[in-house]
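Two complexes follow with chain A in common, the first pairing it with chain B and the second with chain C.
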Partner chain A sequence: MITLYNWDLSVNCYKQRLLLSILDVEYESIPVDFYPGWEHKSAEFKRINPLGHIPVIVDDGYKLRDAHAILTYLASKYDPSGRWYPASDPHLLGETAQWMLFAEGTTNTASAARLHVNLGYEFDIEVLREGAHELFRALDEHLWFREREGLDWVTSSPHPTIADLAIFPDVMLSEEGGISRLDYPAIRRWTDRVRRIEGFVVMPGMFEAAKGAPK
Partner chain B sequence: MTTATGHAVCTDPAILNQWYAVAAIPEISVAQVHRTRLLDSSVAYSVTADGECLAWRTAPNDATVTVDASSQLDWLPTRTAFGYLWMSVGEPPPDVFEVQESAEPDRRTLNAATIGIAVSAPRAIENFLDMAHFPYVHPHMLGEEPHTEVADYTTELRNGELWAVDCRFYQPKAAVSSTEGVMAEYLYRVPSPYCAMLYKSSPGDAERMDVIGIFVHPISEEFVRANLFLCLLDDVSSDTTIRRFQQTIFSQDKPILENQYPKRLPLDPRAETPIRADKMAIAYRRWLTDLGVTYGVIPA
Partner chain C sequence: MTEAWHPVAASSDLPLRHTFHGQLLGRELAIWRADGGFVNVWENRCLHRGVRLSIGLNDGRELQCQYHGWRYASRTAGCTYIPAHPADAPARTICNRSFLAFERYGLVWTGESPAGELPTVEVLEAADPFGLRNLPVNASAELVIEMLHGHGFQPNAKLDNFGAEIAVQSYGEHCRVLSAMAGGSTTTVVFFVQPVDASRSVIRPVMVGVPEPLVQTDVLRHHNAKLTELRDRIESEAARLPALQPLSAAIEQVPIHLSEVPIGAIGRRKAPLRVQVARKWQTATDIVAIEFESIDGQLPTFQPGAHIDVHLPNGLVRQYSLTNGPGELTHYRVGVKLEAESRGGSASLHETVREGDVVAISEPRNNFPLRRDSLRTVLIAGGIGVTPLLAMAQALHHNDLRYELHYFARADDHVAFRTILDELGDSTQAHLGLSPGGTAAELERILDQPGHAEHVYVCGPGPMLEATRRIAADRGWPDEAVHFEYFQNATEIDDTTSFEINLARSALTLRVGSGETILEVLHQHGVSLGSSCEQGACGTCSVAVLDGEPLHQDVYLSEAERELGDQMMVCVSRTNGKSLTLDI
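Right, the complex of A and B next:
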């Protein structure tokens, strides 16, 4: 059984919940009072992760931290089709790694801006917003060209990969950090496709694709 | 009015002369200077090693690291109430309004969250007072289709506060300790323009009610930090579990609030068709008009 040290409002924890839901894998969630309790910084939690951050998973005694590393592990172990982490195809694997690294960038800009606005983290907000827009412009252009090739996802696979899931929540909640997606139509079409993946779940702050926000 | 550096600050006496909760006391690191803004003014606060709360006006680029009560500063009035540090940049009443329940020894009093929201304070309050959005924004928790009907209720003024009484709404999971759906009973109370509370039937006590408050800290006319206050009858759930429930609800409201345009609340009754003819929203807007509020609103 997988244990996930989780905070519902964390994008990085949501990435794991999303993949586990899509793969239909059961897990136990241990809520961490990230805010306002700062429980991840407590001595007790640092016995689980000395770096003092979430998410962390423990799978039958095997412990792993860092959002994108956990996605890699979960997809490798629990997706027998091998499509979410295409390890057997060197091209797709390279692209997946490349876009996972891109997701580090969106996390450190768009999601950091969200932490600044929501929780008052002391970051230079203008630098974060500019950085996020730069990445969003690149992503939008990339996805636009993918669509011309009849492809729907960030890699050239006909199937989404964990790279899509790693980037998705940073993008989807960007408006909480004051980063509008108005100018990125290809990104908006891609987020709609992600939200229609079978097994998709929302995190607080998102709405399900079909229903949308009430007016 | 403008500050020395030339940016405009709030001059609305109805809003200026109020107390605002700026931080939950357990979350304030002792003997450090914390900077924020209140009604566009740059301010700072600190809790000394002996627990004294200090607040003062600062220059926007202030870098003071330590202060004590003998420092020569532009001091601001402070109070502590229900676990929060309150301050004012105007001439506030002698005390923060009362929440009698917070003195009951068997209650859990805690800050569920302090979250920044890009919205005006009165929009945040109006959303807090609204029941009709429950089934759509908080499905499976505070509401559930097809139970979308808001039964009729009454609004009234009590000692200068705005109240809504006899509110009822079907809730599948009214609180973290709920085990079944209930017809939850609600009372709403607005003791000051940017603070609101609700009293709702508690799964843990047939006689008394849970108290949930939103104490809005207006940074500017269109950005706030909302403090979510809980005073619950629940001796079972952990703080983490309770916060988790409320934070989820809060983050569901956030995108709705941030997508409202205009961000300021129009007080003219004809400005926005009350979508659901919500009585409390109309009463709140009229009450703000009667108080002469101009900050964070589009006056009628």
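Right, the complex of A and C next:
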């Protein structure tokens, strides 16, 4: 059984909940009072993760921290189709790693802006917003050209990967950080597609997408 | 600028079931394509609580607000359903603000109050348009237009070279046509600039002529790269200029009465719509289907279960239920059965009215509203009573709600609207040629197991309705879960009593004599009250009773509603007492 150290309002914890739900894997959630309890900085929690952040998973005694590392582990272990983390295809694997790094960028800008607005973190909000817009411009352009090729996801795979799931919540909640998506129509269409993946679940602040048109 | 047409989206920005977030001159827009292709451009706020409709759910026919679930129809933006009032029909006047929209050159065009026709650009009329990637720019449209004069790109045949000669032509305030010439080849691109806000724009470039398929991606990438360079230059320039105040678009005030539900109709038997018979065909033995199309503008919103009054050439007024599916607003479709004992209504529609004729109709009125929070909906139709249930079945079907439609008819050739039934598929079942006893047995089977939050809707001839209501009650269906609509009131109306009516709001006391109805007396004294069938079947003239005991002679109210005694149908109902106090 997987144990997830979890906070409902954390995008990084949500990324794990989303993948686990899509892969239909059962897990136990241990709530960490991130705010206002600051529990992830407690001595007790630092015994679980010395860096004092969430999420952390423990799977049959195997412990792992850092959102994007956990996604890699869970997809490799629990997706027998190998599509969510395409380890056997060098091109797709390279693209997945590239867009996972991109997701570090969106987390450190768009989601950081959200922490500033919602929880009062002391960041230079204008720098974060500018940084997020720069990344969103690049992502919108990328996805627009993907659509022209008949492709739906950030990598060139016909199937979504963990890179899509890693970027998605940072984008989907950007408006909480004061970052509008009005200028990014291709990103908005991609968020519809992510929200239509079978097994998709929401987190607070998001809604499900309308069902797709019948084929 | 509010009088000009502007592009606000690329047609390719609007895949089915998506809601696009747009903005024009500071005003936010929710833009969505219905499954039939129609493009809706609406104010980006639900008039209920102001939440953005761009996060709403486009179900292909209606847009549903994420906040309280209000649903709005494609084309009219009229409200079709309010989940907090599942048993009520939303007032017809609840309507979001919508704007005229057209698609041309692969772009969606609209305007706040556009004057005149959507303008054409001659070069784009002569060849097929090819949409390039649109680019948002953080700068005013004026600055973008000015700097487009320094923009450069290569003709399609010479993409790898540089230094093509550029000719610029102005086309009105927000459009520039640039031609790139090099080595004998020329490529022309029309750049439309959309003023999003005081200091934000979108460049929407359209190439004249479609490039060879093999080079299309290269062409798209070339223009995207060149425009990105231009955007960098424009934004650096904009950063040097003084910042502009964002535009503020005036949001129209919603009249306060629109937030109240439902609203009683005022005035009687109005027929404000003129429609043309676009199609008339035999859909079953003795049943014709008629499609009415608007002569001038958009037909108003309807809800499943709604009916219209049709004013016939012979002066009669008859009610017909709409059979339209959700969002189907290009026409109203009704079914008319030729009654053997027609008093001239059905005979007139069958024999006299022809395709091309103009008739007057009322706006749709809904006295048979459909709940969409039911866990299972059982629709029971007898003969021509299928018409309102067809509209309901299509709405339920489209919303993926669980339902079954039981259609009792005399024989196979009496089954109307087969095309719709075929689309509904497995959820419909025909019961043919049953005797009254056989019908009752079948109804007992259908209504055998009432469940929590399940509802029955029945429409058909009087005896069948009574049987259904009786069987449903016997089987334990609660009164409020059984909804019905009679075609007509077969009750023998007693109009011999005479009494007084006190009108609480109008501060009038009037006398109703024998042989007169309350409705007639009200109209004689200039009291305005909506009515439709005037035989106690449709529910339009329902009035709240403040005091006195009504003698109900209608077939609209359920037993429970009758017992409450707080409303009555004034076209047929009266009192055996001395007086009634009415909330008029």
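In the analysis below, the second predicted complex is superposed on the first by the 210 of 215 C-alpha atoms of A that agree within 3 Å, B and C clash if a C-alpha of one lies under 4 Å from a C-alpha of the other, contacts with A are read in each partner's own complex, and residues count from 1 in each chain.
By our rule, contacts are C-beta pairs under 8 Å (C-beta built on N, C-alpha and C of every residue); 3 or more make two chains touch, one makes a residue touch a chain.
The structure displayed is predicted, hence computed values, not measured ones.
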item: Touching partner for A:Leu182 - first (chain B), second (chain C), both, neither; value: second
item: Contacts of A:Arg47 with chain B and chain C, given as first, second, both or neither; value: neither
item: Which of chain B and chain C A:Leu119 touches, first, second, both or neither; value: first
item: First (chain B), second (chain C), both or neither touched by A:Trp144; value: second
item: Partner touching more residues of chain A, whether chain B or chain C; value: B
item: Which superposed partner A:Asp192 touches (first chain B, second chain C, both, neither); value: second
item: Overlap of the chain B and chain C footprints on chain A, listed as residue numbers; value: 207, 211, 213
item: List of chain B residues in touch with chain A within their complex; value: 24, 26-27, 111, 113-116, 118, 133, 136-137, 225, 239-241, 243-244, 247-248, 250-252, 254-256, 258-259, 275
item: Chain B-facing residues of chain A, complex; value: 8-9, 31-33, 35-37, 39, 117-120, 175-176, 178, 204-207, 211, 213-215
item: Touching residues (chain side chain A, partner chain C) in the complex; value: 141, 144-145, 148-149, 181-183, 185, 188-189, 192, 207, 209-213
item: Chain C residues within the chain A interface of the complex; value: 9-10, 13, 15-23, 28, 35, 55, 57-60, 66, 133, 136, 200, 202, 217, 220-221, 224, 228, 400
